[in-house]
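Structures are listed in the sections that come next.
One chain, chain A, appears in both complexes that follow, with chain B as partner in the first and chain C in the second.
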Partner chain A sequence: MSELSQSRTAVAAPRRSSGLFGIDLASPKHANKLGYLLLAPAALLILAILVYPMLLAIDISFHDVKFATLSFGASEYTLANYQKLFSSPDFWNAIRVTGQLLLVVTTISMAVGMGTALLVNQQFRGRSFARMLIALPWAIPEVVAVVTWVWILDASFGVLNWILIKIGLVGGPVSWFSSPGTAFSAVTMVMVWKGYPFISIMILAGLQSIPEEYYQAAKVDGANVFQRFFWVTIPCIAPVLGVTLILTVLWVFRDFSIIYVLTGGGPVGATETLAIMTYEEAFNFFRMGYASSIGVVTLIICAVISAFLVKKTSHAIY
Partner chain B sequence: MQKTMIASAALTLLLATTSLAQAETLKFLTWQLTEDTYGPWWEAVIAKFEETHPGDTVEATQIARQDFADTMMTQFAGGSPPDIVHLASFEYQPFAANGWLEDLGPWIEKAGLDLDGWAGQNLCTWEATTRCINLQYFAYIMGVNTALLEEAGLDVPKGWDEFIAAARALTKDVDGDGITDIYGTGLHLASGNNYINDMLNFVLDAGGSWTTPDGKPAFDTPEMVVAIDHWATLIREGLVPADTTGGDARQLFVEGKVAMRIENPGLAGVIETSASEEMKPNLTLVASPFDPPVGGASAIIGIPSEIPDERKQKVWDFIAIATSPEMQELFSEIVGAPAPRPGSVTEAVLASTPEYGLVVEAMEKAAAAGVDRVPVGLETHYNELASIVREEIQRMIIENRTAEDTAAVLQERVSALQ
Partner chain C sequence: MAEIQIQNLNKSYGAFHALKDMSLHIADGEFVVFVGPSGCGKSTALKILAGLEAASTGRIMIGGEDVTDLAPGKRDIAMVFQNYALYPHLTVRQNIGFGLKMRGATKKEIDERVERAAQALEITDFLERRPRALSGGQRQRVALGRAIVREPRLFLMDEPLSNLDAALRVQMRAEITALQRRIGTTTIYVTHDQTEAMTMADRIVIMRKGVVQQIGSPDELFNHPANIFVAGFIGSPAMNFIRGTVIDERGSLAVDAGGFRLPISVDLAAAASAYVGKEIICGIRPESLELAAAGQPALEVVPSLIESLGNEAYVHFRMPGRQFAVAVAGEHEHEASSSGTLIARLFDGDRPQAGQTVRLGLKANSSVHLFDPATEKAIS
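This part shows the complex of A and B:
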């Protein structure tokens, strides 16, 4: 046998390899199998850290238990938690508060985010600094920022009351967390402050992708600034707005730390959202079964809202 | 010679292996490790345990107080509880109710530990079994700013009438800018069970209690109506800073912005460590103006029921050290408050600080009156009780309701818990 033939044999050998479990994954015939194999670790991880706890929570919600364990069907199945939940005024109050917060915070955050994005999309001196300032609240860790707000809004020694009294806007200190209206306003203000930078950054990215020619063409056609905004800017950034809206709605829906640190859900349930109610029932009153039923209902509401928004926003493109 | 060396080496290896096999690390979670008072005491207990159990170690981990119950519950529910169970006295009941705590009766009997007269130990009885040993019992005292009292021409108040008069006189807008600069007193008004702990001062003083001796809610009694009215008066009249936690109120006291603060004996340590040198001479501890003072068990120690027996033995050894006369005397010395074991306050300790006698006296008064912060019959609903009471008092103030109406609503809501 010549050297050449030996070399050919050596090169050909790997091509005849049976591959993993006898399957030649390099073959086009098995290309999809390779894809599944590569996805498997991620899929298993998601099953372990998302799907399993979710199924466990659903299972626990059908048991009348104070403490949960990590096994399915630990006690008798019952609908008691759901019956109690749907007949509880606290639950309907939490739904109402969550809905109000969703509407108010999302609307104001989207408006402020859009306004600031349009502002820093203009050419002016100090634009980079302005962009940094706008993004700053987003960069501060949530609990740190909220604790600072608690100090600012403190009824007795807070700086906001001092400023309001000094400029004569109020006659005496406002107890921000002691009455339902002011507590709701305080929560809304802090959530908007924390949430609008993300919206602003997303919209700014969208604005920068709009070709300048579109605006020039609109100007040539005689479109004024509002017409250009409504007929060029908005349609071009509609996909970005859609994604941002979904993410903002879900953030407001599930946010816990801002409300918990500021008001703990009070006073008299004025800021008690579904997230706060779930935590209170689970970790304060140790009613895991009942808390899980609130979590399951929250999950369903979130899924329905997301599906609705995805459907709506997917059509809002040229 | 060579054979002897090999045999020696083999024996050493065998002993080392055996020792390693038996050596264990006991997990211990606490919220007190970094506290100036309790931290050094726990370190001393751990050192003594490790000294008497060569090879064994205690892995102590600090958990923030506000996260402690959640952390412990998660660990128990996940099947990996800490070996040494340390819990606040008001939060151990759900763990006992769930069967997660070992019955310590046989261990106590075997060790011959005498718990007669052990302060606050009755709280550890759960369904006729002993599920824990009480490690702390204290009663409230009052911190006063004597400079502010003298400036207002007031004596240290005794009883509600003098207390409210002093609070009104001491609440001041010093610079006339419309913002109160000094408050008469400070209360825990934020969420959490310290709300009802602080309120209990006024409940006991008015002759009321959360529940009857047989565990039924007692919110609609005339005494409770008076107590609710007293508590709400302080808030309505702006004699206390709004929305504060007990910690905030304590801090404002050491800064001279709150004139009187009824607190646990830990206030002495806070004055020592946090007050400025100019402020310290003005801050004095006196007896609580209310009778009887609030008192109660504060922290307990126990054994998880689901760990192996040999580990339980080691945890019991740890508990035996913590409850030994030596460590209980050390507790009284380091912590600045009496340990629950009778006779743990030595004459030397009693003479060490002027306020020690005050603390002992308050503790004896509270114990004699059978006072505890955790209400009988509502042990497993303590957090929810605090939440309901706070919510209804808030509603009373916001909607300008009467104390009678609030008491009636509270009676109805709390009765529904049982």
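This part shows the complex of A and C:
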């Protein structure tokens, strides 16, 4: 007994730290303060690099600014930029192209992502290798990948034309970037190629969270493979699908480098999205006020779409 | 409703033989429980019956029809899963009606049958709720509802009560038994809990390492276990096993277990006579022991622990060198209940103190089970 009490006293007493400015942040009473303290750097950073430029852009869009100047209140407030924008056929063309691209790229890449995710969710030899292969396009830097695609699609020495001619699908080389239809298709193809791995990875994670018993119960209940897909798989991954859809839509909306490197928005505006138009107005023509008004309109459209999708998908199940 | 015929069923996963040559005939309307420790093959057998796993060899007949190669949905069976497998995105009504809908039943028919099943299980009040808004017991009822609504030929239940707390388990146990008796559908129920097996089954199939050990009614398994494994698995607390030597005392046989003399009953005498002078393993149920009266032959032990349950007490003691470890009870074979100590179960009045020497004797009319130490089979 005496031995025990001796060893008890040998243990050092817990160290009492005086904490920050004499406040012990580990105590339950001050737990909130620690939370705010940890959040502060991130919050300040967001204010500096997101909120401030956004307010600046909104302000500029109501001024007639021709060059990159930080001219808060330098000239009079005007609605001229917006009046010009809504009456410009280029703007409505960009809206149409963005909408088309949004619809086509999102649909195809969701379908490809879902298909590949279902594929690599199966048990087979070399599954981890297949999963890596599917994720690969996502890992390649966007500009590097697109420059490579420019070579592949090149009219005179591109490998795609060579393959198409060899297997006899086309008579002569196709000039992918010179007609509106093929240019749009090329952009779509590269965007799907670049975009589906993310969708696939997200859906795969969703699929892996579905308990095997759900499928076993459905099989015993006599559900065939399509019924199991529509009644078990889809509802169970609906929350994942929703988030993925929002992120994909926003990605297509804001993606600039793929289109810019491939076609630069041409030919004759066939691939000129709102993002490309904003860039051109701002950095080719230096119409900062006008470009900002396009940016603000894009922001509003994105906000409306994501608000709608978040509302639609957040309480889909559970 | 149908009778089930299982013929020489085998299942191997590579070199691992999960199920060895299982044969069983189940009568129409019978409630059969597959019981055994984990890895004994009971769940594998159930999955093969459901069609969720293919048998390596063997045949399964349901109602005279060979279903061995039929898809699960074509076997006309229903299954209740351990974690209920209720779809979180469907209401209770849709969950119960799921199987009917998949089979193309009309909306009117689905509604009628779901309503009837819900009434039978007293869950009509939560038909429009989602599973997550239900308690464990209610979810269990919904899972049962999904099974009974289709009126299948066979119910398969895979440890359906193991996610419930102890009190609810006892209640649901009785409800499932009553439900099965009422609707009379042939049922195969898998559990690792011998109490569930004993209380629910018409017949128990007790399995170990893929091999059926014994098939029989609960009483048969309790009173006439075929081997040491069955004897140790059935009954709680588990049977005590003691090494002893068969001796012949002027014509009447007995077992000498280190000075403790256990008489061998007349019906075992013929079989036991072959073991005279040889070592044998005696099985004594904890409830067969009592405090010995003065002058009666007794075993003197010092209890290591006394557990009181109010109306009864478990006296734990050791017989060094004599006790025979049989680790069989519990879900896992290594969760031994009879490996550490021997137990005497004393009722009312008899309440010794820990640390005090206790004289234990065999109750009158209680039987001692005898087992061959080499084969572990019962001697009878």
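FYI, the second predicted complex is superposed on the first by the 277 of 318 C-alpha atoms of A that agree within 3 Å, B and C clash if a C-alpha of one lies under 4 Å from a C-alpha of the other, contacts with A are read in each partner's own complex, and residues count from 1 in each chain.
Basically, a residue touches a chain if its C-beta (ideal position, glycine included) is under 8 Å from a C-beta of that chain, and two chains touch if they have at least 3 such contacts.
Since the structure is predicted, the reported quantities are computational estimates derived from the model, not experimental observations.
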item: First, second, both or neither for A:P239, with chain B first and chain C second; value: neither
item: First (chain B), second (chain C), both or neither touched by A:K66; value: first
item: Partner chain(s) touched by A:G99 [first = chain B, second = chain C, both, neither]; value: neither
item: Dominant contact partner of chain A by residue count, chain C or chain B; value: B
item: First, second, both or neither for A:W231, with chain B first and chain C second; value: second
item: Residue ranges of chain A in contact with chain B within the complex; value: 66-70, 154-157, 161-162, 165-166, 171-173, 175-180, 264-269, 280, 283-286, 288
item: Chain C residues touching chain A - in the complex, by the definition given at the top; value: 50-52, 71-74, 77-79, 81-83, 85, 87-90, 98-99, 102-103, 130, 132, 146, 150, 156
item: Chain A-touching residues of chain B, taken from the complex the two chains share; value: 69-70, 73, 76-79, 94, 97-98, 177-180, 183, 190-191, 241-244, 257, 380-381, 383-384, 387, 390-391, 394-395, 397-398
item: Touch list for chain A against partner chain C, complex; value: 211, 213-214, 216-224, 227, 231-232, 235-236, 238, 316-318
